[in-house]
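Labels for the chains are A, B and C, by order of writing; each one numbers its residues from 1.
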Amino acid sequence: MMKRRRAAAVMMAAMMTAGALAGCQSGQKAADTGAGSGAQSQAVQESTEAVQESAGAAQSQTVQESTGAEQSQAVQENGEAVQKESVELIVFAAASMTETLTEIAQMYKEIRPEVEIIYTFDSSGTLKTQIQEGADCDIFISAAQKQMNQLDISADPSVNTEGLDFVLEGSRFNLVENKVVLAVPDNNPAGITSYEDLGTDKLNLICLGNDDVPVGAYSIEILTTLGILEQLENDSKITYGSNVKEVTTQVKEASVDCGIIYATDAFSAGLTVVDEAEEDQCGQVIYPAAVLNISKHQEEARDFLDYLTTDDCGAVFESVGFSIAR
Amino acid sequence: MDWYPLYNSLRIALISSVIVFFTGIFAAYYIARLNRVVKGILDVILTLPMVLPPTVVGYFLLLLLGAKRPVGMWFQEQFGIKLVMTWYSGIFAAAVVAFPLMYRTARGAFESFDETLAYSGQTLGLSNTYIFWRIRMPACRQGILAGAVLSFARALGEYGATSMLAGYTPGRTATISTTVYQLWRTDNEALAFQWVVVNVMISAVVLLTVNMLEEKNRKERR
Amino acid sequence: MTMSLYVDIEKDFRSFHLSTRFEAGQGVMGILGASGCGKSMTLRCVAGVVKPDRGKIELDGVTWFDSERGIDLPPQKRRVGLLFQNYALFPNMTVEKNLMAGLRTVEKDKKKARAVVAEMMERFCLTGLERHRPSQLSGGQQQRAALARILLTKPGLLMLDEPFSALDGYLRWKLEMELMDILRGFSGTTLFVSHSRDEIYRICDRVCVMDNGKSTPVAPVKTMFEEPKTLAACMLSGCKNYSGAEADVKKNGEEQGDGWVWAKDWGVSLNCRRRVPENITHIGVRSHYIHLISGDLRKDTQNVMECRIRRIVEDVFNMVVMVSSVNAVSDSSNAWLRLEMPKEQWEAYKEIASGKVGDRIRVRIDPQDILLLTS
């Protein structure tokens, strides 16, 4: 009797551990590739200057100028890697950048092996709140200007209502641009072909991000422009996901008829895109990036952001559907 | 205020509780009679949903009932019914996590039942069904009642598995717990707090009812 | 046709093996055994609430259980009355409802049932307690109510599982008298289970002894007490003096022939004046049959033992004197002999000899009082 009880207890403990491990999703680490091979490469980084104007009713207008062109050169000797003190960079990034940034971290490990990138991918709204609540973070890459503005003291006070000051002056710039698309599950069971179709009876259930999720805000804008948002709400045809990856999963699992997500997410998940939103429907989807002034490794952070603007990274971004914001 | 989440939560909790009441009691009754090995294994399996994190339970359920998964697809083909993203998906989630509570409480109650009462009934010619409902259950009613209340409370407060199976569709699948979460996310604190108050009031009513019933029970026994 | 119960069953448990075999006719048959020997389990198997592994149970030619033919009649159909130690009255029902429970299947008319119950309650002096809960009744009332409930179902077999173990003193005696009256009025077979040899002696006609799951053949009560055949039966019958023993065919180098036993624990050879079977393992002597020797011996006195007084205990009406044989192999108290005599007899002895712990004392045993036992 005792033996059976003990075995059951052990099994239960094992189950709980497995559950805990499965449940812990946040905090992804970039995989380490063998740095001991003595790879040599030369990285030259150039400064970038970006001026952006965003249009659209729901977007606030900001003019950004990055000052202080930075140039840094890292040269490595043949067969001898310069040993630097190991540094951890914590990067909070929008969920839609998961695949691309993960790949880039692996690439960065080869040129700067002493820098370890630790990611947290989630909806920009959640990340902004976490930063605000005191989370340790070096770099923030948001899926919309709104969340970055809410942390930037130099932004419009009507957006940064709490007067938060987390953005390191001069480090903010626009990284990539995405498109907001309508995606359907395999075989398109509901036969949705366009945004307009959402106003018809063809649609039973659509998944959107909630309005604290950037893609959710865009979705609501699109539907408002089309004049069908209120009708969908009244008919209870909208189900909300907590971030864009959740919306993507719902579509992929065919739990819903369709969903509004980013082009990059549709690509990564292999989903069919049936319609794309135009600029006049929801404005441009710009992803700003910045170093946070609470960062303890500002130089390494700037170096990483500079790396993101290189052609190598550009290729990675474009391969999943981003376009480079210049 | 849109009262749908209240209506939906109560509906799901009540239906789940009824399902779990009968399945839990019958499982407890029949499994107690099996041999030790089988009984031990079944015990672990049936108690798992209580120990696993609700999201893990939700994940398993999705693997079964999702629209592209075996059971989900079969239902879609045979009856045209979707098992996820509907209001009744919440019932699957709530019933699975609440079941172990009813099962274990009922097991405990049955095991402390004086079996000679059942034997006595049998030798007097009473049918086993009569003995179960009129002698065993009344004798165990304290434990059974406690189990029923616990499982109702658990079903009412279910969040993790429910949000994965039913999603959050206002007016359709929203429950009090998923509504509060989404209201908080979208900075709707005032409304979120109103729901918190509603939930506390319901829980208080449930607990008061339970206490009253236990008092009545205690008086009757003396 | 005479009522008769035939039981031959076996059931395996983790700690012991039940193997019971007996036949009971009309009247009261007792099952005597120590706690945990399997007597309650036997009753439950006969009632059908527990299933034996193998065997056969029959009452009046109706087969209730036959493992070879795959027959297992459910208890509801066997019409047994089983009275548990705790009476098993349903706590959530009134006394009246309890008694009516048994009539559910035989008497559908509620009015008639109530009348029958009322009559029974009067017979058992329970009138006025109809609305009471079992917990509100006294021990005696509970037992009467439980018996009434059973008898209302008109069982063919009545089984009582240690009905008095929860009571003591005067109440126990009173209830025993009442029960005997009831049993006299019952025309079927009754099985009475107890660990008290006195109860069995008083209440039962025949007895079957159970020891560690095994039953001995049924014998009339008097026979079991006067001539127990096994060590277990002898112990249960209340005998307190034992010694390991074997047939003694050699004594002082001469052939002795039948009639002598060598008592190993006492270190002495004793004459039984009857044939000693080869297979005996123990002997027993009742305390009353170990006699004090005071004064001189006659030359032909048999079975004299030299002993030393070890302990003197004053009981309510008797003196108990524990002695040990001087030839005893071990000094353990298991080998001591226990004498019991009226106080006056001991006083008389002390006037002639010294009766203190440690003093020498001589005892004798009549040959026919030596019980030859196997284990």
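In this text, contacts are C-beta pairs under 8 Å (C-beta built on N, C-alpha and C of every residue); 3 or more make two chains touch, one makes a residue touch a chain.
Predicted, not measured: the structure shown is a model, and the values here were computed from it.
> Can you list every chain in contact with both chain A and chain B?
none
> If you tally contacting C-beta pairs for every chain pair, which pair wins?
A-B
> With centres defined from CA atoms, tell me which chain sits nearest the overall protein centre.
Central chain is B.
> Relative to chain C, which chain's C-alpha centre is the most remote?
Of all the other chains, the one whose centre lies farthest from chain C is A.
> Counting in whole Å, what is the centre-to-centre distance of chain A and chain B, each centre being its mean C-alpha position?
The separation of the two C-alpha centroids amounts to 38 Å.
> Determine the centre-to-centre distance between chain B and chain C, using the mean Cα coordinates as centres, and give it in whole Å.
Computed value for the inter-centroid distance: 53 Å.
> Hey, how far is the Cα centre of chain A from the one of chain C, in Å?
Chain centroid spacing, chain A to chain C, equals 86 Å.
> Using the touch definition up top, name the residues of chain A that touch chain B in the complex.
Contact set of chain A toward chain B: 1, 4, 7-8, 11-12, 15-16, 18-20, 22-23, 125-126, 185-186, 205, 207, 210-212, 233-234, 236-242, 250, 253-256.
> If you look only at chain B, which of its residues touch chain A in the complex?
Touching chain A from chain B are residues 36-37, 40, 43-44, 47-48, 51-53, 55-56, 59, 62, 66-68, 82, 84-85, 167-173, 182, 185-187.
> Which of the residues in chain C come into contact with chain B in the complex?
Touching chain B: residues 44, 47-49, 74-76, 78-82, 84, 86, 88, 90-92, 101-102, 104-106, 135, 149-150, 153, 155 of chain C.
> Inside the complex, what are the residues of chain B that reach chain C?
Residues of chain B touching chain C: 114, 116-127, 130, 135, 138-139, 221-222.
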